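For reference, the structure is listed below as structure tokens.
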Amino acid sequence: MSDRLQKFRTERQRLNERVLATATTTTKRFFNLDTNCYKDGALPARTKEIAGLSASLVLRCDDCIAYHIIRCVELGVSEAEIVEIFDIGLIVGGSIVIPHLRRGRDILDELLAE
Amino acid sequence: MSDRLQKFRTERQRLNERVLATATTTTKRFFNLDTNCYKDGALPARTKEIAGLSASLVLRCDDCIAYHIIRCVELGVSEAEIVEIFDIGLIVGGSIVIPHLRRGRDILDELLAE
Amino acid sequence: MSDRLQKFRTERQRLNERVLATATTTTKRFFNLDTNCYKDGALPARTKEIAGLSASLVLRCDDCIAYHIIRCVELGVSEAEIVEIFDIGLIVGGSIVIPHLRRGRDILDELLAE
Amino acid sequence: MSDRLQKFRTERQRLNERVLATATTTTKRFFNLDTNCYKDGALPARTKEIAGLSASLVLRCDDCIAYHIIRCVELGVSEAEIVEIFDIGLIVGGSIVIPHLRRGRDILDELLAE
Amino acid sequence: MSDRLQKFRTERQRLNERVLATATTTTKRFFNLDTNCYKDGALPARTKEIAGLSASLVLRCDDCIAYHIIRCVELGVSEAEIVEIFDIGLIVGGSIVIPHLRRGRDILDELLAE
Amino acid sequence: MSDRLQKFRTERQRLNERVLATATTTTKRFFNLDTNCYKDGALPARTKEIAGLSASLVLRCDDCIAYHIIRCVELGVSEAEIVEIFDIGLIVGGSIVIPHLRRGRDILDELLAE
């Protein structure tokens, strides 16, 4: 098992602090919107995180995939459910998604082992 | 109101028939996988269509957005829920998604008017 | 000359009204941020619209390209300057940008003829 | 059958003339490179057009797909071969490629009917 | 010379095993289609790998580029031919492809040194 | 502080030399165009680098973002101005740009510390 999860968490926290310490009001407000749009509303937070994971997979962003897998696990999305979102990301986005699926699987394995 | 919905349905059906009539086994099997991955499983079909809509928004594909909005409405996803998926697509994908949001709204208006 | 510019303006206005009339607070706030980030700040609005045009070209979004060309012309960016932004979009984004360059040129021709 | 092929040819020629009449040296030189890189070299032109078609499919650019299908047919690439390139575009790029596959099929049908 | 090639091979094998050990039928079937679509058919496997490399370059996926370079070399595609596919990837995809071209060159150098 | 900047410079130089030593005329000419299109013209080099940074942010290419931040700093673009380009990249490209914004901020911090 790699230390992919720990590296992601450390770097994300260190650099988010720098970004926000130096950001304009526009960027700060965008970060607020980004947090708010995944909260319970007409749709539950859980479904929104699933939608966020699906979007991150097809855009092939490792950090975003890691983040939404972490949030899905926190909100009780099961491994069987996450694996079905991997299916959708793969079918919509094609084989180009596979390297990100591999790294997403690695993050999920580390999370489940915690 | 435009006739965007009708044009989409007609062209999609006409050309899907041509694609499948001339396709290899690989393409035919892919079309089957594409259908199957949105069926009820660990996650209900409804949640999977929401994930498909979110992925289509950030990849900025008008036809895919139209298709998943139609499927969401068929499966009972409410307008309030769809509008929250629009939020996620917009926040994840940025202002470049807005033209597709406009055309997705148009499709949704036509569907709700039917 | 086509009527590309008029079609863009009409559809954009009609559908933006529908989007905003039905949108959540998240989407409305995002639209505000989108407007605000192009205003005079450390960088003048003119330079920001140039940056917006460059981003739109490489993301290959016809409507966004049309919008930023219109804004550039309104803010006094000259044709010679716009054509150099076309260069940057083309070199960064490659030949896949060419169809969008063609349609952007068409919009620019219509604007200059007004 | 639609008139997709004719519309593509007319608009492409009209606007390429405008782009080149108003372009900088950078853009003109890029257009030359774009033409030259598909000529016979270590690889035959035919294989290069196949590579260009595959790239256009996964980047989901209808005009580029149309252009490379036309060039493939001119260079004697058979329908059976083109359909296998469609497979590769679909598998690499995923279901998001399907709307472009449909329109590419339409162009190919019109070309074969000529 | 870096150890990019070895790292790619080790991680790819380790994580593909995990993905397949935990995957749904959909993902397993997709992996089969992905393998099959590069086999000899109307087009020889060699040409299909060239098309796969071209698609991977413009989608800017380092792992996919590495994989298709390895397969091209295994199937006897010469360095001169691979370099011409790099041209097509660069011209179609633009300067944004250059960092991936650099890393692809590194992989190719390591392969040729083996 | 990481050593992101130094790693980028070393790897970029080593591999650019390999790419150019083995490249075709097409690739060499493209590299020339890529250099030339950022030179003073109707628009000053400074504005062109801003446009290049904006394009790199929305295409989510870490190396390209690093390169254009370095060039912006060399040409006297202030931190306040760069942060406003980060805004535009974020608003146009959405939350998927955030991981690249984090790494761009890291590069900028290292540059300002030099």
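Which chain is which? They are A, B, C, D, E and F, in the order written, and residues in each are numbered from 1.
Assume a contact is a pair of C-beta atoms (placed from the backbone, for glycine too) under 8 Å apart; a residue touches a chain by one contact, two chains touch by 3 or more.
Quick caveat: nothing in here was measured; it's all calculated off a predicted structure.
> What is the set of chains touching both chain C and chain D?
Both-contact set = A, B, E, F.
> Using residue numbers, check each pair in A-C, C-D or D-F against B-D and return the one sharing over half of the contact pairs.
Match found for B-D within A-C, C-D or D-F: C-D.
> Suppose you list every residue number at the chain B-chain C interface; are over half of them used by both chains (same) or under half (different)?
On the two sides of the chain C and chain B interface, the residue numbers are mostly different, under half being shared.
> By CA centroid distance, what chain is farthest from chain B?
F
> Taking each chain's centre as the mean of its C-alpha atoms, which one ends up farthest from the centre of chain D?
Computed centres place A farthest from chain D.
> When the centre of a chain is set as the mean of its C-alpha atoms, what distance in Å lies between chain A and chain F?
The answer is 26 Å.
> Please tell me the distance, in whole Å, between the geometric centres of chain C and chain E computed from their C-alpha atoms.
It comes to 36 Å between the two C-alpha centres.
> Give me the residue numbers in chain E that touch at least two other chains, ranges are fine.
Expected reply: 24, 26, 30, 33-34, 37, 41, 55-56, 58-59, 64, 83-84, 87, 90-93, 95-96.
> Treating touching as the only link between chains, describe the layout with one word: line, ring, star, complete or other.
Topology of touching chains reads as complete, every chain touching all others.
> Would you tell me which residues of chain D are touching chain E in their complex?
Chain D reaches chain E through residues 33-34, 37-38, 41-43, 47-48, 50-59, 64, 78, 80-81, 83-85, 87-89, 91-93.
> Which stretch or stretches of chain D touch chain B in the complex?
60, 79, 83-84, 86-87, 90-91, 95-96, 98-99, 101-103, 105-106, 109
> Residues of chain A touching chain F in their complex?
Residue list for chain A touching chain F: 11-12, 15-16, 18-19, 22-24, 26-27, 30, 34, 55-56, 59, 61-64.
> Under the definition above, what is the set of chain D residues touching chain F in their complex?
Residue list for chain D touching chain F: 24, 26, 29-30, 33, 36-37, 41.
> What residues of chain A sit close enough to touch chain D in their complex?
The touching residues are 58, 90-97.
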